[in-house]
Structure formats: C-alpha cells, structure tokens
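Please read through the structure below; I'll follow up with questions.
Note that the chains are named A, B, C and D in the order they appear, and that numbering of residues resets to 1 at the start of each chain.
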Amino acid sequence: MLGFVVGEALRDLRRAGRVAVSAVVLITLSLVALGVFWVLSFNLGRAVAEWRDRVRIIVYLKREPSPAEVPALMQRVRALPDVAGARYVAKAEALASLKRVLGKDAGVADQLPSNPLPASIEVTPTAAGATPDGAGALIQRLAALPEADEVAGGAEWVERLSHWQRLLATIGLGIGATLALAAILTVTTSTTLVLHARRHETEIMRLVGAPEAAIRLPLLLQGLVQGLLGALLALLALAVGHHLAAPWLEPLMSLTIGVPRLEFLTPPGMVTLLAAGAGLGAFGGWLARGRRGLA
Amino acid sequence: MIELHRVSKVYEVGPVKVPALTDVSFHLGKGEFVVLTGPSGAGKTSLLRLLYREELPTEGDIEVLGQPVTELSRAKVQTLRRSIGVVFQDAKLLPGRTVYENIAFVLRVTGTARREITARAFDALRAVGLSSRAQAYPAQLSLGEAQRAALARAIVRQQPLLIADEPTGNLDDAMAAEVLAIIKDIWTSGTTVILATHQARLARTLRRRTLMLEAGRLVKDEG
Amino acid sequence: MLGFVVGEALRDLRRAGRVAVSAVVLITLSLVALGVFWVLSFNLGRAVAEWRDRVRIIVYLKREPSPAEVPALMQRVRALPDVAGARYVAKAEALASLKRVLGKDAGVADQLPSNPLPASIEVTPTAAGATPDGAGALIQRLAALPEADEVAGGAEWVERLSHWQRLLATIGLGIGATLALAAILTVTTSTTLVLHARRHETEIMRLVGAPEAAIRLPLLLQGLVQGLLGALLALLALAVGHHLAAPWLEPLMSLTIGVPRLEFLTPPGMVTLLAAGAGLGAFGGWLARGRRGLA
Amino acid sequence: MIELHRVSKVYEVGPVKVPALTDVSFHLGKGEFVVLTGPSGAGKTSLLRLLYREELPTEGDIEVLGQPVTELSRAKVQTLRRSIGVVFQDAKLLPGRTVYENIAFVLRVTGTARREITARAFDALRAVGLSSRAQAYPAQLSLGEAQRAALARAIVRQQPLLIADEPTGNLDDAMAAEVLAIIKDIWTSGTTVILATHQARLARTLRRRTLMLEAGRLVKDEG
C-alpha cells in the first residue's frame, strides 16, 4: 500500500506540472514574506533587549557619603529586588560627565565656583525591573532609601521602550496574520481548484472501487511534498537574501537601532519554517480529498 | 445474486421530477446472462447505476452479491464495487492515464503483485485487440477503442459480476461480434453478466433472458 | 455584442461560486496587506518629513553682534542657498535654554560668574539642504561667514535621518515587492486553474465557432469585476481596521515617532488601490483566455 | 464544396506514430449527401475533424466551402465553423449549461435576436423530441438524449454544411429512423450533408454515395 501511495503521489506531482509549480511558488512566497517579517522582528527584538540592558535608574543622594560609607550603602541597594547592578557616582565624576555632555559648552563647568552636582547611584534593573510596572515598583523602593534625595531617569525611558515594543508587536501581528491567512487561503484555493479539475478523475476512481486511502493519501503526500519544497525554497531565498542584504543593512542598523549584526533564523526557527510549509501543503492536500467539489 | 424489489428512481431537475424507473422488480441467479433492453431514455443506465450504487433508489430494496446496497457504509460500497466489473456507457477512462495505466490501476488498488499486473493487463488488452494502443491516452483513442479499453478494464479483475452498458454501441458489426464473444467466454467461466443494449436485433441474436424497459417500467422479462 | 459579453460574464460569476469567492478574497487579502504597508509607510514618511523640518544647523558667532548689526547679518545668512530660515540667538537666550536643558541641574547655571555661552544663529535648511550632501555644502557655506566661529549640529542628525529612511525604504521595498508578487501570482494561478477547469468548455465554444471575443471578453470582464470587488472589500477592511486601530496606535505613535495622527489613504490613494484591484483581476481574466492549458 | 487532395494524418503518441489517414482524396459537390463508413478506428472521426479544422492534416490540401482550411487565420477558422453544423460523436455539450442554453449559445454568438433565439431553439428541440428536457444539464441526460441535443444544436443555425459523426450511435432503431428523417429533411432543404457511421447496414439503407475507409485508406467511393 505504501508503495502504491508514494507512486501515485509522485506521478500526480509530475503530471500536475504548472499547477504544482504554482502551488510550490505560492507557498514559497508566503513563507518568504513570513520569514522576512520573522527575521526582522527577531532582530528588532534583539535591539529592544539591548536597549533594555541600557536602562538606568539614577538615585540622587542627599549628601555625598564618605568613602567608608559607600560599600555598605551599595550593598543595601544591590540587595533590593529587581536590581541587577549598581554603580556609585561621586560628585567629581558627575561633574566630569556633565562636561562631556556639554561638549562645546564645557567651559561653563570650569567657571563654577563649587561643584553643584549631587552624588548618585546608577542602578541597572533586571529584565523584570525594566518593565513599566517593575520599574515603577523599583523606583518606589529606591526612593524609600533614607539616603535618597530624588530618583530619576529610567521610568519614562522604560515606558517609551514598552510603547515601541507594543507598536512593533501590533503592526507585526497585523501583517503576520494577514500573510498567514493569505498563505493558507492560497494553498487551500489552489488545491480546491486542482481537486475540481480532477473531480471527474476521483469520481471514476471511486466508481471502480478504489478505497478512500488510495485516493486521499497520495493527495495528502503530494501536498506535503509541495509544502516542504516550497519551504526549502523559501529558506534558500531567505538565506540568499540575508547574505546579500546584510552588508547593506548592517551599517544602517547599527546607526539606527544600535544592533550591528543582522542575525539569520536560528536552526529551530528553520525547522519551524519547514514544518509550517509541510503542514500547509498537507492541509491543502487533505482538503483536496474531493468529496464535494465546487458549485 | 441480484434482487430488486419494487425499485423506483426519480431524478430531480430543479423543480421538475424525472421518473427514470418505476416499480421495477426482478431476480437474477448466479451464473445467469441477462440482456437489458429498451429505447433511448428508457432507464437502462439508471438501473445499472443502482446496482453498483452510483445512485440510490428513491424507493425499494436492492441486493447485489448478497449485500443490501442501499444500506452499505461508504467503505463497504467500495469493497462491493471491487467485485463488480463495469463497462460504462461513456467508458469513463481516467483521462490522465494511458490505456495500460487505466487497466493496471484497478489491479493495483486491490493489491495485485506488480509482475502479475503487467501480465494480466496485457492479456486483457490483447483480448479486446488494443495491445498496440497501450501507451495512448484516452483522448487519443477513437470512441470504439475507448469502449474496448473500458471492457478490458472491466474484465481484468475477473470479478463474479460483469455489468456492461452498451459495450458495442460504438463498434462496427465485426468488432461487436468479437466483443460479444469475449463476454460470452467470461460468462462461461462462471461470471454473472448483465448487458444493456438499445439494439433490439442484438438482444434477439444473443438468445438469452431479456428484460425490456419502456419509460422506466419493466414491460417484458422472458427467454 | 456588449449585452452578450456582460450577460456571459455575469452568468460565469454566478456559476463560479466558491472559486469566484476565493479569488475575490485572495485579491482582498493581497490588497489589504499592500494597503497596510502603504498606510504605514505613508505615516512614517510624514514622520520623516516632520523630523526633517526639525533639523537645525547652529552657527556659533565669534562675538555677540550689537543689536544694530543683527538684521544685516541675518539677511546675509538668509540669502545663502538652501537656507529656509534663520533665527538669531543672543547670549542671554542661549543661557536660558541651557537652563531648560539642564532641568534638575539648572542650579549650575545660576552659580556662573558670567555667561560663557556664545551668541549663535539657528539655521533651518530647505529640503535640499537637509539631505546629507546638501547639509555638507550648506555647513561649508556657513562656516565661510567671517562672523562664524564654528558650525555644529545638523550634519550627524541629518545623516542619521537619511540612514533611517534608507533602512525603511529597503525593508519596505522588499516586503512590498514580495506582497505584490504574491498577489499577482495568486490571481494568475487561480485564474489559470479556473481556466483549466473550464478548458474543456472553451474548447467546445471554439469548435462551434464562437469568436474569440465572445470567449475572452466575458472572462476579462469577470476578472475585472472580481478585482474591483476585492479592492472595494480591501478598502472597507482597511477603513474599518484604521478606525479600530487608530485610537490604539496613535498614542504609541506620538510617543515613538512623534506623529500624533495615523492618517488614512488619501482619495487618490484609494482610487489607485481600486484601479490596482481591477487591473489585477482583468490581468488574471486576460490570462485565462485558455489557449494553452496545463500539462 | 469539399475537396480533399492527397490528405494524410499521422498522430504522434510519444515516440509512436499512429497513421489515421493515408492519401485520401475526394470531392463533394454542393447539396450532396454522402455516407462515410468503415470499422472502428478506421479514421472517420479524424477525417471529419480535418474539415472544421479541429486538427491540421500532416500532408495534403483541404478546401471546405471554398476556403483553404489549412491556411486560414484563427479568426477565419471561427467564421468557417459558424457555417458548419457538427454533431460530434461524443456530443460535446457545454457541461455548465442546460440543453436549451447550449442551443441558444450557438445562436447568440452569431448575433441572432433574443426573441428569435427562443423560437428557433425550441423548434430544434421539438424536432429531436427533447423539448421536455430543455432545462436539464448534459450530465442529467441519457447518452441517446445527449446525442439528440447535439443534433439539435447542429441544425439550429441552418448552415450550408452539416457534419454528423455517428448521430444514431446511441439510439434505438425507431429513434435512429426519426433522426435520419430529420437529417434528410435538412438535406432536402439544400444543406450538404456528410454522415459518418460504422453500421454498414445503415449505410446501405440510406442508399447514397458511400465513402468507405479502412485503416485510414479510402477503399471504396460509390453510389
């Protein structure tokens, strides 16, 4: 039976000619579109993760602690939940970085009679502490320190980051869903049409007593092979596209979103893509079992 | 073998009801050779279609090879069909397969061994005089050749029942005689045969039991 | 003849049933995907234009000119090519804005014995002057002014902007091209398949002497109607989607790309979309003329 | 009217060459009634197909209604076909249209007025005894009915040439006689008729000029 099914599926594929080619190309295109979107959001995700790493919350201190007091204070800060790291910034260091920020106008700082900047602690939150809610809680905890004068930075930046993420996720979900829908509809329509074209044939097969499996399994297998082929081609196209586009896009990316490399799909991602193709194809083939044709 | 009890068939064409068979009953024993005759549109093809359940009767009961065809599950219908050889009036060859593949197909679905398939398919093709056209597709055959290919496909599995709907409709007299001789051979080897024809002359020359339909009613059962 | 063609096209549409519905839905999906992409890039384009408007080049002056000298100087600057506007910033105004920038640390400025900031001119370049090349040339021209001490700002920012634009354009072009290809392929495949299903029929029509126009025009008209219908549905879906998504996306957008409204397609854009649908459908119908079928 | 000069037709089935017609020449005058006969596979259908250019000959020249069919442009071929009524051996009804619509279609493409179409279509259907089945689709017809519908479509335009390929192949004797009577009527009204049949008996009873094909060669031209 297996031999029969495989043989029939292969012969169908050979015979289907242009239709089979079209189906494969459509699956390829759908998956390429999905894949491009996937690669992009994967890399944007990396950028977001990197930005999140750069989130800092600044705790301004009421007075500059003596060098002996600093280690104990830092230990208390580091022990707070959601704190990944903390760095002490003395008054002198703060002035130095203000000068760096002023750049052209650094002369202003030199003319100051005394250093007006407070000492501070630069807190790096954990991933949980970098979410809007987590950051809010962390800021409250830091503000509760007796040494803290004011807590700044971080909050708006984190909020802004989360807005970006939500924007990307919303748009991405919309485009992704439309593409996936188009891919599924395309595959099912073309198989329905193929089926319609051969309804006459499956009807005759049934009339001469062919069991359902002998009619359906080859169609399923054929769809699976087409889908797999489409997915392989899509993967190839994506790889070639990545290879060609990366040198072009990477300088742009590092200048804009601050990520220097355009990563390709991970091996599990590739397997998922192949499985999606095979699944799509098999689904189409299964639909093409041809009990009811078209009006 | 075959038993019809008060069978009627009414087709619906939009709002119009077309009665194709009305109150038909008869019995056919194992090993019989029966000729079904009647003018064009009398209901011959409709009657045969009920036997291998291409259609369900509007009323009545049908038994074929000991099975109540109206009550069979889909899988059982396919099994029943595998024990019936049918020469369809319009041949019904698979359009995408060559003559040889058409015949091999019905052997493959019953799980016949590959080597045996080739031998038996060519035996059948030789019997109907088509071995030289084995590699042609149905669209490349004359209508008479298509009908002979359909006959070859119907006899290659050597089933207990052969249904032949106008198997000589598109053949000249000499070839028709040959085809009838083949069918008689098969009958002699034990197969029950039911043959439909609109040619009254042919029905007479066969000198077998004859069922005559007229406007869907069985008007004669003799011989 | 016209009556015949329209009659045949309508009857075909009615008969085609599920196939026609599928074709319309596929065209709709393709156009929705294209439309979403279009709306997004249109709005991003607006953001880019807005950013570009905000590009400023600062000319620091060697010494603060007397109030009487200012108008003549400004007139000379405004007369330079690629300058859209120029604003004079006195030393006092510069210090005030430094205080605003310092915010929390504004106390620093109050402690200054004298104002260390130079007077400057804030130049708004024209669109041509905001391109990387244009900005470079403009900066050179400004630096050549005898009053100019140093020219800053603008250049890097403009470069950065142009990188963003290139990134968006490259990605957008890729996605857009893939989608358009998928749409065209989908339509042609489904019509090829429809045609295949009815090749038998067109063959008979030819055999009984039907003129080519009687066979092809109804197919073309049918494709055109399907395409138009698909485009209308796509437009509707886009409008509804825009209506639903706008309240969601607009706060995100104003927080991220700085554009407060998600604009919909302009009327000419809508007409283009409809024309694209009709064109796609008619192209499919024209392909379906059925001279050569499938293998 | 029809002129064949040393016409041959060889089909290619993969690497195999199938000679369907070999060196056939004959002339047919306006208003003639000729019977084309020969056994199954002799090449009757192939010969007729050349006349309305469904196929091109491998060799030789063909003239139909004063036109060199092998040299016509595509548009001219369609025009020529509109002056020929053809009863195809396998009916070739448009499967998605009812019997009435099938007949109306050939009138509509020639621009006949709507009112006239209905009247003429029903006249033709009545002539072949199918007016009660006007709203049925081809799949809902018996084979004999389909053949009569094809005849109705072939005669409704009242063309100067009628080609009938086995128009009685699926009909019982009584109905076959009726159909032949219709064809004779049409011939009497001035149409040239060429009728193919494998039934030697039928060819004899018609008592008209008979062309006999055997394995693609014209072996007899008499009567």
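Keep this in mind: a contact is a pair of C-beta atoms (placed from the backbone, for glycine too) under 8 Å apart; a residue touches a chain by one contact, two chains touch by 3 or more.
Keep in mind the model is a prediction, meaning the values are calculated, not measured.
**Q** Common contacts of chain B and chain C?
**A** Chains touching both chain B and chain C: A, D.
**Q** Looking at the contacts, which chains touch chain A and chain D alike?
**A** Touches both chain A and chain D: B, C.
**Q** Where the centre means the average of the CA atoms, what chain is farthest from chain B?
**A** If we average the C-alpha coordinates per chain, C ends up farthest from chain B.
**Q** With chain centres taken as the means of their Cα atoms, state the distance from chain A to chain B in Å.
**A** Spacing between the chain centres: roughly 62 Å.
**Q** Could you tell me the distance, in whole angstrom, between the mean C-alpha positions of chain A and chain C?
**A** 24
**Q** Distance from the CA centroid of chain C to that of chain D, rounded to the nearest Å?
**A** It comes to 62 Å between the two C-alpha centres.
**Q** Report the inter-chain centroid distance for chain B and chain D in whole angstrom, where each centroid is the mean of the CA atoms.
**A** Each chain's C-alpha centroid was found; their separation is 29 Å.
**Q** Give the residues of chain B that touch two or more other chains, as numbers and ranges in rising order.
**A** None at all.
**Q** List, in ascending order, every residue of chain A touching at least 2 other chains.
**A** 15
**Q** If every chain is a node and each touching pair gets an edge, what shape is that graph: line, ring, star, complete or other?
**A** The chain contacts form a single closed ring, each chain touching exactly two others.
**Q** For each chain, which other chains does it touch, given as pairs?
**A** A-B, A-C, B-D, C-D
**Q** Can you list the chain A residues touching chain B in their complex?
**A** 1, 4, 15, 198, 200-201, 204-212, 214
**Q** Name, in rising order, each residue of chain C that touches chain A in their complex.
**A** Counting only chain C, the residues touching chain A are 15-19, 22-23, 25-26, 29-30, 32-33, 36-37, 40, 60, 98, 104-105, 107-109, 111-114, 116-117, 150, 152, 159-160, 163-164, 166-167, 170-171, 174-175, 178-179, 181-182, 185-186, 189-190, 192-194, 196-197, 241, 245, 248-249, 251-253, 255-256, 294-295.
**Q** Which chain B residues qualify as touching chain D in the complex?
**A** Residues of chain B touching chain D: 11, 13-14, 16, 18, 38-41, 45, 89-90, 133, 135-137, 140, 142-145, 148, 166, 169-175, 198-201.
**Q** Sort out for me which residues of chain D touch chain C in the complex.
**A** 52, 54, 74-75, 78-84, 86, 88, 92-96, 105-106, 108-111, 153
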